[in-house]
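Some structures are shown below for you to check.
Consider the two complexes below, in which chain A is the common component and chain B and chain C are the respective partners.
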Partner chain A sequence: MKKLSARRRHPLAALVVLLFALAAIGGLYSALAPAPKAQADDSSSQSLEITEGRKLFSVGCASCHGAHGQGSSDGPSLVGVGSAAVDFQVGTGRMPAQQPGPQIQKKKTQYTQKDIDQLAAFIASLGPGPVTPTPDQYDPAGGDVAKGGELFRTNCSQCHNFVGKGGALTDGKYAPTLKGVDPKHIYEAMQTGPQNMPSFPDTTMPSKNKADIIAYLQAVDTAKSKNPGGFTLGSLGPVPEGLFAYIFGLGALIAVAAWIAARTTKAKKS
Partner chain B sequence: MSETGPHNDMAEPEEHLPATRGAHGAEAAVPGDPFADPGHPEHEFRRQDIDEKAATHSERVVAGLFTLSMLGTLAFITSFVIFPVDKYIYVFPLGHVSALNFSLGLSLAVALIGIGAGAVHWARTLMSDEEMPDERHQASADDELRANIEAQWQQGVKESGFGRRKLVRTTMLGALTLVPLSAVVILRDLGPLPEEKLRHTAWAKGKALINPNTNKPLRPEDIPVGSLTFAQPEGLNEQDEDFQTQIAKAALMVVRLKPEDIKDKKELDWSHQGIVAFSKICTHVGCPVSLYEQQTHHVLCPCHQSTFDLSDGARVIFGPAGHRLPQLRISVNGEGNLVAMSDFEVPVGPAFWERG
Partner chain C sequence: MTTSTETPSSTRRGPKHPGQRVAEWTDARLGLYKLGKSNLRKIFPDHWSFMLGEICLYSFTILILTGVYLTLFFHPSMSETVYNGPYAPLQGVRMSEAYASTMHISFEVRGGLLIRQIHHWSALIFIAGMIVHMMRVFFTGAFRKPRELNWLFGWTLLFIGMFEGFTGYSLPDDLLSGTGVRFTEGAVLSTPIVGTYLSMFLFGGEFPGHNFVPIFYSAHILLLPGIMAALLVAHLILVFYHKHTQFAGAGKTEKNVVGMPFFPIYTAKAGGFFFLVFGVIAAIAAIATINPIWTMGPYRPDQVSTGAQPDWYMGFSEGLIRVMPGWEISAWGHTLVLGVFIPLIVFPTVLIAIAVWPFLESWVTGDRGEHHLLDRPRNRPVRTGFGVAWLMLYFTLLIGGGNDLWATHFHLSIETITWSVRIGFFVVPVLSYFVTKRICLGLQRRDRDKVLHGRESGIIKRLPHGEFIEVHEPLDQTELHILTAHPQPQPLDIGPEVDENGVERKVSAVTKVRARLSRNFYGEHSQIPKPTVEEYDEITSGHGHH
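Moving on, here comes the complex of A and B:
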């Protein structure tokens, strides 16, 4: 004790006391705080998923969306967004967000599908919202391509271009290309309206219409979609086609004419 | 390529005067006359003019190009016969393209380029390129011919009786004057003036908002905050003759905002539980404006970037548009469907002269 007392004015003494105090408070808290036992007695897999999802949420999402998904100044409330929104945002890599900006970018997916399902189950438990679709809902094989094209041009083409190539919005925001996007994610985006995209809920655009739209996109804009006309020039319509013909077509003709005239046929080169 | 004598005497003292020429140009270049006709330069020969071997080679090249063109045409006919219309092939930068279209285009290009290139090479290497002056002929015909034609014309006038039979002449002139009037009838749909058509749309009191996706009336509970829906007036059918004319004016976009987010009092009054309906036609030059950003409530026009704030009475916040988007006043009817309370109160779409 004397030894301890002799060192009480040591420069590190305050730090040691602080550590002891923190350990004591932490120990007391873990001993006295009420144990979370909300769904502990329900052993169904659903509640297990929610519990696991809550853990993942606390680690990866709560810093912006709040400890209970209630939102903060850094991220919106997730109450009522539904499992479809989680599956879209995390499944396309948009969440967790990498950096602030006009729009959260698509990037490599950070979670496995199992983790995403658990997160989705937790968020869905916060409030009712759009549910992750089942494969038969978004299967492009079940859609009507012609009807889908009509619906796409009415509802989607204003932002996403008439074959889904994407386009610019205000202040650096943009509608992304739909080429190579998983049909499930296209379906979920229509259901939930991620970021600035408006939603197209089942009440105004029934599930069948969504499958039609996905079938149309598969027909026109994948690496395998057939293109009778050949070079699409970005599918931007007649203006770039005309521009291409004027600049490259006429340009090539002028270049060839100049090339022919620039070479003399005379035997004596001057 | 008529060079101005590259082998002229470079020692010519007056640098701005045309160079005096040797045997060919000397007679035209009067010393002291700066505007004298310099005459033709000395003709220079091509290799093909001198060397028969080179000429034979050129001949073969031209014949080769024409033969290539023939092969192109044969390939064109062959591909038309062998490729079914639904056959697709992968061509590297183009993707999966129609085999028929691709091979027809390619072979026809070869056929046409072969003829063109062959003709150009023929003209440049084998046809004579001797310069030859040729005076312009007189523009008018000679006097004898003119007198002859004059006499024939007079005889024709006399024989037709045009001057003597006044009735024939007058009725013919009348017929020729009336015929152009038929054009007025044919082109009548270029007019008349639009009158009140620009001020009215197919919307009217009590007309339900029909969702074009489902062809069913929209109900307030169908439309959550953040969604975007379009609507057309009840009774408008896609098979109608004037469907395009009507929908071009009546196109409507319907969104729901939180009532506390609506800053404009009139917009709130004309909404139903935060559901607002605005014309989809840009007030600048009439593009369909529906690039709706649900977080900012901004609507962007894709043509000239006019931006409207749907939470503030569709005020123009950017771009060339001169007016707010017209709002349609809506409510619900007894069946719980959304209905218009009246037509738009201001004309939809771009400004026009008498809009005031």
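Moving on, here comes the complex of A and C:
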């Protein structure tokens, strides 16, 4: 004790005491305080995902959506949007948003699927919402194409066109093309209703019908779909057809007419 | 070598050639020799723009040929059936017989899809050809006396052609055309007082009813093509009777036609052109899809798709309805839907505006003479300005009709386009009129300059005293003739305001308007005086070269 009492007036003594005190308080806090993971109802791997997701969220999303996903003037609250919404928005590159405009654009995906899953797990922990579908839910192989076509024409084509080529909405907004969109993302869009799209929860459109619609789109709107009539001209209806008829149809015929008129018999000099 | 001198010589040589015997047999009954003698050597002038009407004639012929094939397999019935054909995405879907038979034509009938596509592409090209042909006639003044009636025949062909196309587009009873029929029903319903009666008559009950496909079918394959064929024949007979117009040029006058004889030159050219037109349209039909009804699905009143437009020739009516504000008046338990009714009235008005021009022009200018030499559009700035203004109005409305596609493809707001078209509807024609008129006058000045000073040769010459000049090359006689052949009429003169006794003359308001319009046509602000012989001689004599 002599050694200790001999050094108690050392200039650094106060600092050492402070460090001990902090360590003791921190240790007690971590032992006694209610930890969030204690509330999570399942395995530690998911709690780890949530923790990691929270970190990603703080870095990439919190500036608009608030530190706890509660929303701000720049972005909506994410409480209750569910993991499906995160998987759609971040998975299609719409989030994080690049610039303000009439509508958030689709762009290159910024996160890996692992990061997206972690973000989704964190957002899902904020409140119950639509859950990311499992592959068997959106597998087009299981869908009824004809039924999907009817459902698509009843519910979707008024914005997305007959075969999902997209269309205009008000004020510069638009319904995007569905060609090349991952079936999972189509499913999630129907579940969550991103941006201007209405949502079609399982109560109004059962999971089976969503798979039917995906099967229809796979049949008519992919690189592999058959186009028995030749070039589709964008499948946009009579406007491109009219332009094509004028430019290539009448254009070619007028060129032919000019060619014929230029090649004429020469009057013989008598 | 005429037919009359040939007959005795061939009897002397022995038995007649079988071909000659057939010809003589027919001649004795139909009088073909006389007809042939007067018409086979008919002269037609050569210019590519005179073949635009031929494009229409041939595409109409193709429409009839392919149309006959399609009627063999089409069932004009709205009774319901379930699809069991080869197109998987529609199997088990309920649809009308009309739609099912069009699916059958597209997927099961040999060559059916190609014939359908040839038919539809020809229809678009037929009406596009008619518009371009009509504007050629308009800008060159070919509608003037004696051809006003033929102008009206042609215009009527265009007008009926639009409805012929519309009824054909509606027959397959697919979701796209059904939306168009619904649009039409709405337009019919908006007619005051008789709207509901008309709609009930047309559809045989509440929309869509069970009648419209059979009714449209009769109109499409019988009534309208019948009228069109009759008008077409009349149109061609009048072309023969009036003789073809020609552009001014050396040796071409109001009393002759310079060109090639109908037989054998034009029979060969026109026959060849028919096959070329058929070939081009068949190639297009083989390359590009048109109206892929299998992707649209059968019509159901509870379904609709975005991008629902009519074929292009009805696009301007679509534009009218899309940009019209949704006004309506409700009074005494009735609703007057101005948002639909006004476009319904403007639609024929736009078309009639161009139809009546020949009569308006001859009334204003007091021109009663026959014209067989065509105008160069620049020499008639008011007419050309009106034609361009009309076309620009038409195009503005077409843009309005496709506002959603312009919005998505050019990243614009649909409201911006709609408002631009609303303002453009009034502003664009006026602006185009004045811009065109200025351009015409500029071109007239350029012509005058070319006649007097020749063409810029691009050769820079240095004169002995050091000055640099560009050498101008004089035009040859043919070019000079073309640039100076047009007459420059004087505006209507209504005489002095007071008579010789100083008393104010009575001039009706109509005459005053006419005189003002006439000054607008031919006054000093509408034509640049063409060079006179004296001016030309003075400037080309070599004195005071500049």
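One rule holds in what follows: the second predicted complex is superposed on the first by the 213 of 270 C-alpha atoms of A that agree within 3 Å, B and C clash if a C-alpha of one lies under 4 Å from a C-alpha of the other, contacts with A are read in each partner's own complex, and residues count from 1 in each chain.
Note that in this section a contact is a pair of C-beta atoms (placed from the backbone, for glycine too) under 8 Å apart; a residue touches a chain by one contact, two chains touch by 3 or more.
This is a predicted model, so every value here is computed, not measured.
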item	value
Side-by-side fit of chain B and chain C on chain A, or clash	clash
Which superposed partner A:Arg54 touches (first chain B, second chain C, both, neither)	neither
Superposition-derived comparison: chain B or chain C, residues of chain A touched	C
Which of chain B and chain C A:Gly249 touches, first, second, both or neither	second
Chain B versus chain C as contact partner of A:Ser199, first or second or both or neither	first
Chain B versus chain C as contact partner of A:Gly149, first or second or both or neither	second
First (chain B), second (chain C), both or neither touched by A:Asn209	first
Which superposed partner A:Ala223 touches (first chain B, second chain C, both, neither)	first
Which of chain B and chain C A:Phe231 touches, first, second, both or neither	both
Touching partner for A:Pro102 - first (chain B), second (chain C), both, neither	second
Doubly contacted residues of chain A, that is, touched by chain B and again by chain C	154, 158-159, 167, 169-170, 175, 227-232, 260-261, 264-265
Touching residues (chain side chain B, partner chain A) in the complex	1, 3, 6, 44-51, 88, 91, 93-98, 101-102, 105, 120, 124-125, 129, 211-214, 218-219, 221-224, 226-230, 255, 288, 290-296, 298, 300, 302, 305, 307, 318
In the complex, chain A residues that touch chain C	102, 145-150, 153-154, 157-163, 165-172, 174-175, 216, 219-220, 227-233, 235-246, 248-250, 252-254, 256-258, 260-262, 264-265
Partner chain B, residues of chain A touching it in the complex	151, 154-155, 158-159, 167, 169-170, 173, 175, 193, 195-201, 203-206, 209, 223-232, 260-261, 264-268, 270
Residue numbers on chain C that touch chain A, as the complex places them	46-52, 54-55, 88-93, 106-107, 113, 117, 121, 124-125, 128-129, 132, 175-176, 260, 265, 269, 272-273, 276-277, 280-281, 284, 286-292, 294-297, 300, 302-313, 315, 401-405, 407-408, 411-416
